[in-house]
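Some structures are shown below for you to check.
Note that chain A is present in both complexes that follow, paired respectively with chain B and with chain C.
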Partner chain A sequence: MGSVDKEVELKNRKGFWRESLNPWLVRAKNNPERVAYVLHRVTGFIIIAFLLAHILETDSPVWTQYAPINGLTAWSAWSYIMHVESAWYLKIGEFIVAGSVFFHALNGFRLLLTEFFGVGIGKPVEPKPPYEAPTLSAPQRTWLYIVFVLSIVLWAFSAYLIFG
Partner chain B sequence: MALDFEAATRIPPKMVKIRIRRYNPETKKMWWQEYEVHAHKGMTVLDALLYIKENIDHTLGVRYSCRMGLCGSCGMNINGTPMLACQTQIAQVASGGNPVITLEPLPSFPVVKDLITEFTSFFNKHKSVKPYLIRKDTEEQETPKGHLKMKPQEFIEIFQFSNCIFCGLCYAACPVTAADPEYLGPQALMYTFRYINDVRDEGHEERFAVVDSENGCHRCHFAATCSAVCPKAVDPAGAIQALRSKLFKYRLGFYRKKGSKPLPPPPEKGERKPLPPEAMLVPGANLEQLEKEKVVISLNNK
Partner chain C sequence: MAGKASNIQLWQYITAIMLIFLLGYHLVQRLPWLYNVSTYDQTLTSAIVYHQYRVGGWALLLLAYVALFHGLNGVRNMLFELHQGRIYNTVINVLFWIVFIVFSIIATVTVAKLPPI
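On to the complex of A and B.
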């Protein structure tokens, strides 16, 4: 392919991100499960990142003996890290982690029920117009709304604990 | 996607702009092209595409066959949602405020030309789950002497899944298929469940071995977009979850397969029984004479 052709092709594309994420950005009506799927992945990554940082934090009295922070080692480094973490911008991070944990745990419980035990996914029916899949109106949909509402309520409560 | 009855009664904008992502396999060039089409009430997207093909641009590549949502050939991405072009009304996807319809080939499929996509790997995956009845007694299956017994409620359990038209919309909508091309996909896994759920089938062990793999049913993350876009309410998402719970039971040793035995063959034809007396001719009536007589049926009493 010549450079001119490539230029024309790139100009006519919607953009690199839009193009590479195209199958992920499929829109479908009546499908909050997909929102839950994306949120479950994103919150999973947030929790993993937090866990790694948390290990480094709780282990700081040990590793600072080999790599001191600002010349501080062991428990003095620990108190320094605790002091840094009490800043408001890191509290926001803590707040995001709290919300992620609530959503991931509650939605994970719903997924455990549906995926392993086949509960709440509805039963096969004789298809009739307007052809709506029974799973989309099965109990799992109600559980999903409960998960959304409960995680928001718990998130608000965690804001009271963190900032209050 | 569930049918939108209300859209059929709506009046679409007079002029719609159809924006198509085109691809030429010879020059390997991809570009966006726009067409303007006069829309009328009840016009589908496929009607608009055929109008373009007949009157504006003959080089446009579209695959279609039945025009009534039965063959599953015309699946495409309409405004970002995988849909059948023949079942989608213009009024459903365009309005006076936004008369632009964006058409793209189905995602997760290699493009052949314009809106036509390649289904080879899709059908190979379908074949890999052995989509046919497997009986242990193969001799009886080849030369059956009687029917296999099946209750109406057992039939309903598989009927919904048998309605699949292989349009590939579920496969295109699945976020896992987009990330992992080796994943069996919603359609193949749904068909596995359809045969495992069938009381006449005895091949569940072979099928469990196929789907219990890295690219099998464990890859599903229940985004349920496959069920949301399915035009026939086949519900692949529910089928995969049910398949997974069955596999879980099977691996723990709790799974019991419902069986079906062949019914005894029907009795052989004997001599014909005489008709009952009420079906016989009235005594004294001449059949030949009656056949010759003209029959006059008048709706007018005069």
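On to the complex of A and C.
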């Protein structure tokens, strides 16, 4: 890259925060794909945070043998942790994780079918005006609405299980 | 160490396919009527959880590896979008592998060293 090009590139380079937030900014009006895109990322963050905590939690029968909690070790410590986690405010957290998992899984399945297996987007053709992406076709949008509806249904079912 | 972007995405899809089955299995384990108990909390008692580890510990371990890779790789993908240069990318890659290896070891220890009830 020449020095002039470099100068132009630097002048036009977005700031850290603008660059960071750029993929996340939603123009949601008549754009459920964009909503799904951001929700997929947000739920992904929630799930990975939970996963790391969940791995430490499920290892508690092992690590409490070396570092007891309230004098409790192994499976007694596990029962104690489960008792603590049965508090209503922690169950709300569990409910949020459940909703995140269902949306992320169903939307991920939709993305797999479309992007990885190419289902429902037809064969590649020469682009013609008005250049509509095949991934935004009517059946694709129907799939997206099915994902939203199924996620809500499964989330309601998880509420029945968690709080029931 | 970074690998091609297309390879990273390919692994993201492969782990996603595996997660459909592994996570499905893990979620089914929380259905109370499969264990003749009445509530979700009762599926988390030490006796049931220990039994689940004995029967399908290998699947839970595989789930931990695959979910860790898929989740951390997703975060790594998002962090790469910031384009902060070569050192930044190297730090992200090193952190990815450290967190992946540490938590994979913890998950392995859980299954391998689980004490009897």
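Definition applied: the second predicted complex is superposed on the first by the 121 of 164 C-alpha atoms of A that agree within 3 Å, B and C clash if a C-alpha of one lies under 4 Å from a C-alpha of the other, contacts with A are read in each partner's own complex, and residues count from 1 in each chain.
In the analysis below, a contact is a pair of C-beta atoms (placed from the backbone, for glycine too) under 8 Å apart; a residue touches a chain by one contact, two chains touch by 3 or more.
What you see is a predicted model, and the numbers here were worked out from it, not measured in a lab.
Which of the two partners, first being chain B and second being chain C, lies in contact with A:118: first, second, both, or neither?
A:118 contacts chain B only, not chain C.
With both complexes superposed on chain A, which partner does A:71 reach: first (chain B), second (chain C), both or neither?
A:71 contacts neither chain B nor chain C.
Tell me the contact category for A:130 with respect to chain B and chain C: first, second, both or neither.
Once the two structures are laid over each other on A, A:130 reaches chain B alone.
A:82 contacts which: chain B (first), chain C (second), both, neither?
A:82: touches chain C, not chain B.
Which chain makes contact with more of the residues of chain A, chain B or else chain C?
Counted on chain A, the partner with more touching residues turns out to be B.
Going by the contact rule set out at the top, does A:101 touch chain B (first), chain C (second), both, or neither?
Second partner only, chain C.
State which residues of chain A lie in both footprints, the one left by chain B and the one left by chain C.
Dual-contact residues (chain A): 23, 115-116.
Please name which positions on chain C make contact with chain A in the complex.
Per the touch definition, chain C meets chain A at residues 13, 16-17, 19-20, 23, 27, 30-32, 39-41, 44-46, 49-50, 64, 67-68, 71-72, 74-75, 78, 81-84, 99, 103, 106-107, 109-110, 113-115, 117.
Give every residue of chain A touching chain B within the complex, in rising order.
Residues of chain A touching chain B: 1, 5, 8-9, 12-13, 22-31, 33-34, 37-38, 40, 111, 114-118, 121-127, 129-136, 138.
With touch defined as at the start, can you tell me which chain A residues reach chain C in the complex?
16, 19-20, 23, 41, 44-45, 47-48, 51-52, 55-56, 58-59, 61-62, 65, 74-75, 78-79, 82, 86, 101, 105, 108-109, 112, 115-116, 161-162, 164
Quick one: in the complex, what on chain B touches chain A?
By the definition above, chain B touches chain A via 1-5, 27-32, 77, 79-82, 104, 107-108, 156-161, 163, 172-173, 175, 177-178, 197, 220-225, 227-235, 237-238, 241-242, 244-246, 248.
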